Amino acid sequence: MTGAATIAPPRGRPPGAAWGSGGTARAVAPIVLGVSVVAVWQLIAGSGLVEAYLLPSPAAIGAEIVEFWPSMVSAGAITGLNALVGLVAGTLIGIISALVASTRRSLDGMLAPIVAALAVIPIVALAPVLNTMFGADSQTGRQLIAALAAFVPVFLNTARGLRQTQPVHRDLMRSYAASNAQIMRTITLRTAAPFTFTGIRLASSLAVISALVAEYFGGPRGGLGGLISTSAASSAYPRAWAYVVAAIILGLAFSLVASGLERLVSRRR
Amino acid sequence: MTESVITTDAVTVTAVDKVFEAAAGQVVALSGIDLVVEPGEFVSLIGPSGCGKSTLLRLIADLDTPSSGSVEVFGTSAHQARVDQKYGIAFQQAGLLPWRSVAANIALPLELHGSSSVETRERVAELIALVGLDDFGDRYPDELSGGMQQRVAIARALAKKPELLLMDEPFGALDEMTREYMQTELLRISAETGAAVVFVTHSIPEAVYLSDRVVVMSPRPGRIAAVVPMALGSTASRADDLREDGAFFEMITAVREALHGGAPASSARGVENR
Amino acid sequence: MQAATVARAPSRRTRTAPPASRARARAWGFGALGLAALAALWELYKLLGPADGLVIGEVRVLPRTSDLAMPHIWETAGRLFEPVTRAEGARVLWLEVAIAASLTLGIAAAGWIVGVTVGLLLALVMQRWRLAESAALPWIILSQTVPLIAFAPVVKSWGSRIEIGAFEWQDWMSVAVIASYLAFFPVAVGALKGFQSPDRLHLELMRSYSVGWWQTMRYLRIPAAVPYLLPALRLAAANAVVGAVVAEVSTGLQGGIGRLVIQYAGQASGDPAKAWAPILGAIALGLIAAGSVALMGALARNYRRTEDAS
Amino acid sequence: TTEEAPEADSGEELTPVTLQLQWLPQGQFAGYFAAQEQGYFEEAGLDVEIIPSGGDIVPQDALANGDVDYAIAWVPKVLGSIEAGANVTNIAQIFQRSGTLQVAWADGDISSVADFEGKKIGSWGFGNEWEIFAAMAEEGLDASTVEIITQDFNMNAFLAGDIDAAQAMTYNEYAQLLEAVDPETGELYTADDFTVISYEDTVGAMLQDAIWADTERLESDADYQETTVAFLKAVIKGWIFAAESPEEAAQITIDAGSGWGPSHELWMVNETNKLIWPAPNGIGYIDEAAFDATVAAALSAVNESGASLITEEPPASAWTNEYIEQALAELEAEGFDITGDSFTPIEVELLEGGN
Amino acid sequence: MTESVITTDAVTVTAVDKVFEAAAGQVVALSGIDLVVEPGEFVSLIGPSGCGKSTLLRLIADLDTPSSGSVEVFGTSAHQARVDQKYGIAFQQAGLLPWRSVAANIALPLELHGSSSVETRERVAELIALVGLDDFGDRYPDELSGGMQQRVAIARALAKKPELLLMDEPFGALDEMTREYMQTELLRISAETGAAVVFVTHSIPEAVYLSDRVVVMSPRPGRIAAVVPMALGSTASRADDLREDGAFFEMITAVREALHGGAPASSARGVENR
């Protein structure tokens, strides 16, 4: 259903697009853009044109970040752990399901509507129900939500990767009279790995944002999502933004690690 | 190198038909094929696209099974020969595993059949030397040129010291000059190992240069149209300058004519669309 | 040797492909079977599973089986055909959900259109100027790690002060904006990838024709982007629905499925089956949205000739 | 009614007014919907739009941002916003009493706030937790001695045993409990199944639903002042209507979009009436002592991360009785019962699932 | 077909150098290239991989610019020639747009330069007939064989009636038999259109069979090592049976020797890894 969730793993730039002297400019460009946006934001917020109450200035947010750093770290740890547990669980379930689906067309067909449904389900709809099923006093419901969010891209990409084994490799393994287990290990899994890791990269930030949003709907306190909502509810907007920044950093950390893994795995293929 | 005592033919194909069930109906890929390849003999299969060359090779390799007729390899069924690893095989795409180094690619068939790691290491070193890639064992396929990749594929096919080498257009993807060079290399290697070779190609000069016999096939359904023995001396002694020899050009003409159905080729073959 | 004459089908190519209509019927059949299996699993676990779920250590790894946590499938299904409340003139539940879903679908569609437009424009700009790509792409990717739920009130508040002539900002527009925030991302990334997908060969061909950026875009890059764009548009449609529902919950917009999600979740203690109705509605909505885009993709068949059939 | 009729007969033109609620339409806000439906707003020359809210809309911020003209919000939450910079004023304390309960199982070991220690205590968060901390402070407990679990929209966490005591409004969540089936008996739970701690009976009690207005406009905008009085009068008439005709008021809120069933809705109107009536000083009148008590509790209560709701006294502009007094006086003159001395609640039977 | 009066050379390459800046340093792809192609002449460029054949062709096509020296096409700069659409070009991969039918692919250059749709339709029909694809106008590239795709590419290159055709290994991806067939077709087409052709290839027989002159290049840096004129009669009159002619084999030997640096080729070229 969600085809773009299976965005192919990154390939090199076409030849002729080598990184020349423009390389530095390109590396600096996003920073320049980011800094200028923040600067303009600061100017508008500081000019009094817009009430500070409405649009906290980057400086005010920075001050909150400094002040609430320890709390941001501990909240980030709670949310991050939930996201990590969910990511790992969703990844494992996704890989296993994809393997199961790859064995029989019937199993693939049976899983299809379930995956399609999971791909379009809004977390907000599921969160209260999962809290009831797994207990509002535990993080399980949130971890499960992160797992469901991670499952979809991992499953779709792995399933796709499992279909990528080259006929020439299959013929070769048959010529070696290799067992099914040997074929699976030497060819099938290894061919699918880069695709799976692409799925994990896509899943990583989804897991974080899902774990975070799930905190809006009950459960133990202390995570980033809860703190964002609590801060916003008490009109402490700079603090709310500070926690949002922490959430972004957390999501970024997840996706950077996942991209790194992906690059490592898909270097040779 | 492997000079075991062989008493039977390397390959015996008897009355083989192969029919594919396709969406549009049945495709008769091969019909009434009879072929014997002697131990140590170099046989090329040549013919237009779709005439069943690859299909025949795949039947010998037991990658596919005939619809009728039988295929024997060294006196056993093709299936048994595959299980016993009696042959090595190489394809047009080198088909190296991109995540394995050159050495690890060559070691693959050994690993799969549980050679000890010391044995494997020694055999791999031997093979790397044989195909002239001495300093490249630790490289990865994407760091090699097409010709080097094909050499790795050949080394891999030779890993289990097979007495039969099956090759499906192994040099088809190489540029002409590298191709000629690889042909000469292949002659050297097959002479060193003494293996029989069944070699599929589209190129008449290639078939002529390499083979003891050239099997010319015709399509729809795939049949053997002619078998042209090469009068060029032992394959082991052929060298690059043979390519400029009159006998070479004569053999080329002979195969060309067999291919074009006995009559001298002419451009007036109608508007055949390929 | 006799065994060798038994035709086996080891290679992918030899698998005979059934006609498309039969294949489709089979796909639906397996799909229905899959859903039935899921339902059976649910009931079986509910029957056999421990009432308080399976707790290992401190963690409940399998859910509780109480009616509160896992209502019977037939109760959930049956509830759909009962009135929403006892109140006079109350609609039947599925109809109430369907009406709400259609409003959300409209909002999501608006968000999708905005998101797709923005995504395409961004991709065009990034394709045109390498520097723009380097500068913007990291931020576009980063944008999706922002918990948008935190911004729903801000968007609503900012929107409510927009008033240009006769145009007045409506609350549903805030929801559509949030939906578009989720929708633009796959489009921007997918379209950029698509625009960059033509081979160097094709680009040089266009150069040999001595045509400029726009014609290269029109004759080469845009058609070449179609296979990348279609899945992106589908994902954008699913995202737009999710975004619309989240934003409805967050801003409390009346009349949509998000509103029913909160409302019926609030009634779940006494009426557990009811809470599942908007969830099913949201899923159906997402499938309809993504499915309609997939149908659109069928129209672009000629542009997908090189897509692998997998 | 918002057509341009410049300098037309001002008696005919209605003043547009927006009112931000703090949740979905429901019996908790019956008075406002009744005023709308019964035409009290229109009689007062107002064209009122009532805006419900959802999960994340903060009413006092919508007001402070200028999105709306008036907002309904709990006093302690707004005190926090005022300290953060919101410039708003409490102009009518509609709820005279706190309707917050903490509900535990009758056969459990919680019977008072003092028993919270070491327990899992449910709260909605979003600023609804301060009464708990204030009441605990009185018992010498600080927030770190309990585990606060965020409740979602229903009471399942409590029913399933995830939390030992759940936060509940008399008018809503408590009723949800009484509408749920006890799986052991197959019957609805009854009041006997629960131990109910009412914060109104503790020093933690804080003022709840109040009407808030924009401080600056109150100070500088004569039209707004006038509108405010007219608005308050109509609202009061609406609440008087709800007290006198709870059934009709319940039907009005259902028609206005409440998704609750009739029994739950009627319960909610009735219980809300109990929080408003009787109002000894007149409905909406801000009792300075009660306001100061709320401020004191807000200053003293400390949450689990060590933060206080507010750190200093709110400015004098945080509340005023000026407008409500005017409205009450005019209504009294018109013969309305503004104290509800004779108010008697009705008996409501709850049905399964709030239907 | 296009018999306009031509007074200048088709291509004049004078003292051209081309240096690429690569990550690892400078690559001198071409050095001191001088070449003149007459109107209507068929010139092949041959040489080992990396000797700069494609680079030279790209310079003529103004797909890249020389580091020094000049390239003129029909008396104007290469740039102007490109803007004026003085040449048609075809590559190893046919490079058809997969979403366009055969007819629409051929029409592309016409559409881009605003021919009227009637004009376009007529010209496309003409071209389809020229390359012998009469019933295939509505087909899509994926429904065609490799040879047919290349014919479409050639038709497309001819759409604007260019007096110069640039081809970079256009038959490199075809199987040998289709390739020979396409060569004969190309000779017919180039004779019909009278266009000059610059043709890059790896194949000696191909270069010999097609060309008036074969330009042999050597690598590192890319230079013209020899220019071998073909003594085989007019290209227009060559037919398939030339391939079995003694003169043909002689010319092949001549080019081979030029390629191998004047000396007869031998296999003792050391272990060059390609």
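Brief remarks on what is shown
All chains are identified by letter, namely A, B, C, D and E, in their written order; residue positions are counted from 1 within each chain.
In the analysis below, a contact is a pair of C-beta atoms (placed from the backbone, for glycine too) under 8 Å apart; a residue touches a chain by one contact, two chains touch by 3 or more.
Since this is a predicted model, take the numbers as computed values, not measurements.
Using the mean of the Cα atoms as each chain's centre, the chain most removed from chain E is D.
No other pair of chains has as many C-beta pairs in contact as A-C. Inter-chain spacing, taken between the CA centroids of chain C and chain D, is 38 Å. Averaging C-alpha coordinates per chain places the centre of chain B 51 Å away from that of chain C.
Taking each chain's centre as the average of its CA atoms, chain B and chain D sit 87 Å apart. With centres set at the average Cα position, the gap from chain A to chain B is 48 Å. Touching two or more other chains at once are residues 55-56, 58, 61, 65, 152-154, 156, 160 of chain D. Shown for chain A are the residues that touch two or more other chains, namely 54, 128, 132, 135, 138, 171, 174, 216, 229, 232. Across the complex, chain A meets chain B through its residues 166, 168-169, 171-172, 174-178, 182, 186-187, 190, 268-269. Across the complex, chain D is touched by residues 64, 66-69, 84-87, 149-150, 152-153, 156-157, 160-161, 248-254, 258-260, 262-271, 274 of chain C. Across the complex, chain E meets chain C through its residues 58, 61, 63, 82-83, 85, 87, 89, 91, 93, 95, 97-99, 108-109, 111-113, 140-142.
Only residues 10-13, 26-27, 29-35, 37-38, 53, 58-61, 63-64, 68-70, 130-131, 134-139, 141-142, 144-147, 149-150, 153, 157, 186, 189-190, 193, 199-200, 228, 230-232, 234-235, 238, 241-242, 245-246, 249, 258, 261, 265, 268, 272, 275-276, 278-279, 282-283, 285-287, 289-290, 294, 310 of chain C touch chain A when the two sit together in their complex. Touching chain C in their complex are the following residues of chain A: 1-7, 14-16, 22, 25-27, 29-30, 32-34, 54, 105-106, 108-114, 116-117, 119-126, 128-129, 132-135, 138, 140, 160, 163, 167, 170-171, 174, 205, 208-209, 212-213, 216, 225, 228-229, 232, 240, 244, 247-248, 250-252, 255.
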